[in-house]
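What follows is a single structure, and I will ask about it in a moment.
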Amino acid sequence: RDRQDRFDETVAAESRIEPRDWMPDAYRKTLVRQMAQHAHSEIIGMQPEGNWITRAPSLKRKAILMAKVQDEAGHGLYLYSAAETLGVDREDLTEQLIDGSAKYSSIFNYPTPTWADMGAIGWLVDGAAIVNQVPLTRCSYGPYARAMVRICKEESFHQRQGFEILYELSHGTDAQHEMAQQAINRWWWPSLMMFGPPDDQSPNSARSMAWKIKRFSNDELRQRFIDMCVPQAEILGLDIPDPELNWNAERGHYDFGPIDWDEFFQVLKGHGPCNALRVSHRRRAHEDGAWVREAAAAHAEKQARTAA
Amino acid sequence: RDRQDRFDETVAAESRIEPRDWMPDAYRKTLVRQMAQHAHSEIIGMQPEGNWITRAPSLKRKAILMAKVQDEAGHGLYLYSAAETLGVDREDLTEQLIDGSAKYSSIFNYPTPTWADMGAIGWLVDGAAIVNQVPLTRCSYGPYARAMVRICKEESFHQRQGFEILYELSHGTDAQHEMAQQAINRWWWPSLMMFGPPDDQSPNSARSMAWKIKRFSNDELRQRFIDMCVPQAEILGLDIPDPELNWNAERGHYDFGPIDWDEFFQVLKGHGPCNALRVSHRRRAHEDGAWVREAAAAHAEKQARTAA
Amino acid sequence: SASVARYALVLGDDALIAAQRLGELISSAPELEEDVALANIGLDELGQARALLQYAGRADGRSEDDLAYLRDEAEFRSAHLVEQPNGDFAGVIAKLLLFSLYQRELYAALTGSTDNYLAAVAAKAVKEVRYHVEHAVTWTIRLGDGTDESHRRMQGALDAVWPYLDELFEVADFADLAADGTAVDASALRTAFDTALDVVLDEATLTRPDVPAIRARGRYGEHSQHLGYLLAEMQVLARKHPGAAW
Amino acid sequence: SASVARYALVLGDDALIAAQRLGELISSAPELEEDVALANIGLDELGQARALLQYAGRADGRSEDDLAYLRDEAEFRSAHLVEQPNGDFAGVIAKLLLFSLYQRELYAALTGSTDNYLAAVAAKAVKEVRYHVEHAVTWTIRLGDGTDESHRRMQGALDAVWPYLDELFEVADFADLAADGTAVDASALRTAFDTALDVVLDEATLTRPDVPAIRARGRYGEHSQHLGYLLAEMQVLARKHPGAAW
């Protein structure tokens, strides 16, 4: 009772819950699920972009892309550490990822057939991630909030790089412009789905908002993202593939066309073009590394024995 | 005594020694060594050309090249079978190949950096092989002689295809012509070395000739090859990289410059650019296939048990 | 017509990419006999590809090589299954099993095409593919019913390619051609395919995989991420030497 | 001068190809921490490559990208060692061990170059490479002295790259530059390299390989057969979109 009150007061006062503080079981579980999913998304998210490192069209772009994918590995590591403050084990989380039972952001189940996808992922996917994540820097759980501060800083850097890639392509040759436009066409709708189902189909949102894990509803964040993208697309000279996109002066927002949620749920259920690839790649990396991890452990043990 | 006489008479009469016939031990050993080396050369020889199957510049060339490499596997198989008639085991021969103790033609330790090498290998390497092998169709050992009949027929087909590749390149763009010339520059001297060391440094030749395994000396065959190539090079419009190459009316042959035997022995000793690659590729294929061969054996055994 | 050309491209690209993958393997098989066999199958597929691409190119005057070497990834029409990397020998066999069983039904049906060219290609191919099926089936049974390791690998390989199977039986945009008897209604082949496959899996002591199909749209130019690498390698000379003949 | 440019190309191409090989690995390491570490090393190598190629290109007005993306295989000057495929993790570490120990000696000596640009590149690189050595040494010891399997793999990996080691210490065509203090006499680095390597091998319970060196002539444009594939992949966009900016 007391503990519950103290928890509620801390949350209400916009203070942070820390690992040693008491917290309700459901709060802990919700956080673990969200942070693990977030960490997994960073790790799986390395693959669509890793796909272009060897083929990046200039050395500068190659360096930027390598650094970006490296940042994603780093983000995954912070987030696993943050999740571990809640008493879960990174190895267990990894097992869940490679046996296919854990979720990660569905957006990474789309392929990256062209270099322009590197631009579209940076601009749209990282853009959507930032809109989702900036409010998380004020999340009631301290370790998560602090991890998000650092991550958001890097993400906004990544988003700018994505914008630059698209700008360069859009103002390049006809083939490059077309490549950029096709990439926007492919990534626009999936990036809108990154904010999750519409509010009326998102039953757990209210509780997360009460706990101040979540600050805005899915639909609010989605609208914010759209409003942000439209003027940027104009600067890019690229079209957003939604004929119903229109400024609504009354609402002070852009109206937009209906989202194909059926596709969203198909991809979520594993039918996306790259679900099998993403998980199997991760599994292979993990399995192929087993002998290495065993060797490191065996060597550490020998060292410890010698020291003792 | 009797057996030796019968053997000598058979050889002298240009008849064939067959597997069940008695033969001197040294004859058997010489044949096993030569046939195994020949078989290994076919198998290792798949690699330099296999290197261009996925990158062949037209579908027709791709088909021809695939068929050629397949023929080489087939030649290896005939030759191993022919060697097995002398009481050796293909598995033992394979072991010797992958542990690096068996010899194969040094020519295959050179790399194939360009498509033109497919032409040069066909024209020069297969050309040299034919000059070496046509006399072997009259070899005193029957199974070897018969294998060579079939192999020579296919080799001359391969040589013509190589000539065609070079002709096409030589008469193509400047870059293609240059590619062809470079390939000739690279393969000319190694192909002359395929006939083995000069006669005065080839101690076992005399005995092989007495046994009618060998019909002509290394230097005779080398000269024959050079005499054959010079007019063909003129048709190709490519230069043979030997400034000392000159028609000698007196000899009725082309004179040619000195061969760098030091390089030959370096490559033979394992220092060639691809020695390590060729053997390790073969070893990996063999080792990676171990579980497959075990499975086939296990299944065959189950079948046999069921049938019994 | 343009739509027959598009249809020939679908079949031809499948064969071409399958041949290219088999071409990667030569000199790496577990036995020399298998090098010979896989090269044979690859050559058959390459031959089918050439016949089909030649036909596809007639519509707009492009050669088989224009189509193979100068199209971009999005212009290819291959299915994701044939684009998958070879993996180990079980992977090669799993892919070959599914693809050859599909091709057997496809070409058998296509021999009755109202398009004489396609019917003739199919008549030749159907004999070739019979051997491919036999080879794939023999190895599937050997590996499935061999050792514990080979069973595990074969089942794993089958599970890994299974998500790409359904695409082969999708009709794509050729309903009109199927209706007038030019093209085969691929969806109608599935029952015969499944029946044949089940017999093999049963004898091989393997289980029909229980993994979700992926939404593969190779027929619309949306490919697996492997195709880009495959094409970069296959087309490297054509791209570097524009206009050259070989 | 042209010969300084050629020298910068040798060093730059080694770094570029090494970076490219490390770039292939990202998201495939045995641990996430190792993904981060290998990307770091790859980024360092790529940075060195860019600095060196920029310098090499000054002589005739070519950019780093002209040099990386528009040269043919025979124009590259990389050593066979860095061109070798990654193989398993032991292969990655074996290559990194030999290359980073070599680069440590090379850059340490090059900090004293009479060419200010090269000396400055070396001064930065020598700090980076110190970390690469540390990383490679740590893993060599862990794997060599870990389990039986890791020992076997590490020794095998070392044996496999060993034939390509000598080339790094050949002086190639730069005797004049070495004489005037611009370039490093690579052959003079071998003793320090061997001493350092022996210490590592000893602690890792590994044996100095006893396999013949190959006659590698990457410095003269004669490359291992792997480079062509690597370049086809790396240069694919530049070749397809001539003249485009990115």
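Points worth noting:
Residue numbering begins at 1 within each chain, and the chains themselves are lettered A, B, C and D in the order written.
One rule holds for everything that comes next: a residue touches a chain if its C-beta (ideal position, glycine included) is under 8 Å from a C-beta of that chain, and two chains touch if they have at least 3 such contacts.
Quick caveat, the model's predicted, so the values are computed rather than measured.
More inter-chain C-beta contacts link the pair A-D than the other of A-C and A-D. Each chain's centre was taken as the mean of its CA atoms, and the one lying most distant from chain B is A.
The mean-CA centres of chain C and chain D are about 40 angstrom from one another, to the nearest whole unit. Inter-chain spacing, taken between the CA centroids of chain B and chain D, is 36 Å.
Among the residues of chain D, those touching two or more other chains are numbered 228, 232-233, 236. Of all residues in chain A, those that touch two or more other chains are 55.
If you draw each protein chain as a dot and join the dots that touch, the picture is not a line, a loop, a star, or fully joined; it has some other shape. Inter-chain contacts, as defined above, occur between A-C, A-D, B-C, B-D, C-D. The touching residues of chain D, counted against chain C in their complex, run 72, 228-229, 232-233, 236, 239-240. Residues of chain D touching chain B in their complex: 73-74, 160, 163, 211-217, 222-225, 228, 232. Residues 16, 19-20, 23-24, 26-36, 39-40, 42-43, 46-47, 49-50, 53, 64-65, 68-69, 88-89, 141-143, 145-147, 149-150, 153, 233-234, 236-238, 241, 243-246 of chain C are the ones touching chain B in the complex. Within the complex formed with chain D, the chain B residues making contact are 51, 55, 111-114, 182, 266-267, 269-277, 280.
By the touch criterion stated above, chain A contacts chain D in their complex at residues 43, 46-47, 50, 53-55, 57-63, 66-67, 69-70, 73-74, 76-77, 80, 115, 165, 168-169, 172-173, 175-176, 281, 284-286, 288-300, 302.
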